[in-house]
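Listed below are the structures to be examined.
Next, two complexes with subunit A in common: one pairs it with subunit B, the other with subunit C.
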Partner chain A sequence: MSAVDALDERGRRALETLCLRLADDEFVLAERYTEWQVRAPSLESDLALSNIAQDELGHARLWYDVLAELGHDERELVYERAPDEWRHSTLAELPFAEGDWADAIVRSYLYDVAEEIRLSALEDSSYPTIADRVGKIQGEEGYHLEHAQNWMERLARDEGHERLQEAVDRLFPHALTLFEPCAPPRGAEDASGDEPRAAAVEDDIVELGLRDSTLAEMGEQWLSTVVPYLESLELTVPASGDDEEGYAVTDEMLPDQRGRDGNHTDAWFELHEEFTHTYRDLGREQATRIMDPPE
Partner chain B sequence: MTTEHDGQDAVDDWDYDDVYDPNEDEPYTSYEGALCSYTEYREGPPVEDLPATGDGAEGIEADVWEALYGIDDPEMPISIVDLGLIYDVAVDDAVARVDMTLTYSGCPAREMLLGQVERDVTAIDGVDEVELRLVWSPEWSLELVTDRGKADLKEFGLSV
Partner chain C sequence: MTRIWEVFRQAEKGEYHTHCGNVHAPDREMAKQFAAIQHGRRKPTNSIWVVPKDEVGEIDTDDVAFGGTTDKGYRWTTAYNLQTRQAEEVEESDAEQQDAEKRRRTA
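Moving on to the complex of A and B:
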């Protein structure tokens, strides 16, 4: 008996919800990163960010593979899913202003700290297919944070500081949606207003041991890493959730669109239109083969 | 031919309309988990058993290894077996199970390599079906390249 067969309906729903948020974050962020290809400030930074994008696409794929065990198909998930069925954080989808390299760097920093935290919370996942791929992803992630921090520290020194601050102001609330519960898709509509259902599925994710930390714990850990770091660069954090009780993500710190419920910013619908355009235009049902396989 | 990695056969009745609604189902209670704690679900051999090279394989299994040795990495003149990508081969009742990994999660040659393994192994006399499992644990590393593979890479101009 395989692990997927051992799950009951609730377990399957929890697994699906967890992997969708993981995969969609990676895919959409990679999609945005690729916009820097041949446009980054130097050849080296161009190659670095392109490579990070390729890593994230590879990781999206590893999570879509887990969803395949539940009967999903990668092609359908990427190209045939309605945009409001996507469950990524709005941090991943926001557009870059032209030439705003500081945005790419801040975004990468905020995201990669969160990714490091969530991967360690998946290391001992009760679901073997998850646990078996975490090490691979971690092995490929180490450089991402190093790259982001290296750039953060260089930009913070001079005129880049102001750009970093603007990016922090804009991106920080959206980064907090990384720790919001995720409402399972309902079909062709977003699931806003479905918070109790999202909370119940999120509880299942932790109770089943699919992930061993709660979103609140990870959010707190993220804030306690990110806030002091940004402050060490003399950047001001909009709302750190830091009070005498410690760090915590609270509702008023969050943006209107949180992504996890399928409620996204307008920029997402444009991006989705763009990356599915060729697929739809060609009416493709499967990837083109250049030649038939040899007999 | 079926393969596990595309998950086509996994679950038929799983779609978005089938929504779990805590208000309709039994009242929400915490539960221990649906996975059986006595079953070993994890895949992939211990790293000390790798690289797997098919030494001592017999019959159809030996034929499968031979076919796999015939497949080269698309970027370097080295067999995927010598590169250490194959973790296990087992043939049972004309079904060949191959466990393999890739060096990199974002490998652009993924479909190409998996397709080639499926085709070449299916072509073997006595194999009706290939069950190809893409596994990620243990992670591939240079340690898994065989001595012959290292010699091939050296010949190609790579130091390992």
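Moving on to the complex of A and C:
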């Protein structure tokens, strides 16, 4: 019996919810990154961010492809899904202030630290396809973080510092939604944005061993990495706590729209409209594929 | 201050680093990262060097008369008609000289 057939209804729902949040984060962030193509400060930085976007799209595909084992297909997930059925963190969807490279860099830093933490929590996943794919993704992630930090350290030195601070102020609350529980996909009788259901599914994800850390644990770990690093660059971080007291993500630190529950900022609905436009306009019934599905 | 860094790529251990292009970068660390992204991701790569362009010393034909333009073929085994098979390195050397000869003719 294959791993997917061994799952009961509860297991399927947990797997589906976990993979959606992983895939949607990667897809939407990559979609935003590509806006920098031909607009980055130099050819080199353009290519570097394009490469990162391409990696993240590839990772999104790896996770959407796990959902294929549950009977979904990429076309339906990417082009046919209503925008409020997407489960990414609002960090991924926010538009860039025009020409604000510091925003792209801070966003990438905050996201890539979180990604590193969540990937290591998936290394020993009880679901074999997840565990298999983590290594492949980790191999590509190292340089994303290095790239972000290289830029952060250079921007922090002079006039870039103010831009970094503005980006941190704007993005930090949204980055915290990376660690919010995710409402399961809307079923026939269920409404989206149901908090108790989100918490229950999140508990299942950990209990069933799909991921071996809770969101709260990963959030603390993220804060204890990100806060001291930002402070070392003399940036002020809108978060309480310190190394001794410990860090925690609290409710008042979070923005109104958290993404994970299907509530998104207006910018998301515009972005969704934009990337599904051609598909709808041409009355497509298939998505273009230029590569075979991942192994 | 952005500088130009010349990039040299080595495909496999033990091979020469060969020039493959350049990158604009503010310093050595960024130059290494940009070079890795642009030159190390699509082809098998063992090592990359980055060198500031203004640290490269150059002399060209305006400065000096380089050699290699007169026929010194008599120094090479290609000048003799050998019927037997030669050692590998001799054959390689022959091939190089034949190539050099061809270039001299077409130059």
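Before moving on, here are some points about what is shown:
The criterion applied here is as follows: the second predicted complex is superposed on the first by the 273 of 295 C-alpha atoms of A that agree within 3 Å, B and C clash if a C-alpha of one lies under 4 Å from a C-alpha of the other, contacts with A are read in each partner's own complex, and residues count from 1 in each chain.
Methods note: contacts are C-beta pairs under 8 Å (C-beta built on N, C-alpha and C of every residue); 3 or more make two chains touch, one makes a residue touch a chain.
The model shown is predicted, which means the values in this text are computed figures rather than measured ones.
Of the two partners, subunit B and subunit C, it is B that touches more residues of subunit A.
In the superposition on chain A, A:Gly139 contacts subunit B only, with no contact to subunit C.
Contacts of A:Pro83 after superposition on the shared chain: neither subunit B nor subunit C is touched.
When the shared chain is aligned, subunit C comes close enough to touch A:His147, but subunit B does not.
When the two complexes are overlaid on their common chain A, residue A:Gly71 makes contact with subunit B while staying clear of subunit C.
By the touch criterion defined above, A:Ser42 reaches subunit C but does not reach subunit B. Shared-chain residue A:Arg10: touches subunit B; no touch with subunit C. Look at A:Glu207: by the touch rule set out above, it reaches subunit B but stays clear of subunit C.
Those residues of subunit A whose C-beta lies close enough to touch subunit C in the complex are 42-45, 47-48, 51, 143, 146-147, 150, 154. Residues of subunit C touching subunit A in their complex: 2, 23-27, 29-30, 33-34, 36-38, 41.
By the touch criterion stated above, subunit B contacts subunit A in their complex at residues 5-8, 10-12, 14, 16-17, 19-22, 28, 30-36, 39, 41-44, 104-107, 110-111, 115, 119, 134-139. Subunit A contributes residues 1-4, 6-13, 16, 54-55, 57-59, 61-62, 65, 67-73, 85, 126-129, 131-133, 135-137, 139-140, 184-187, 196-197, 200-201, 203, 207-209, 287, 293-294 to its touches with subunit B in the complex.
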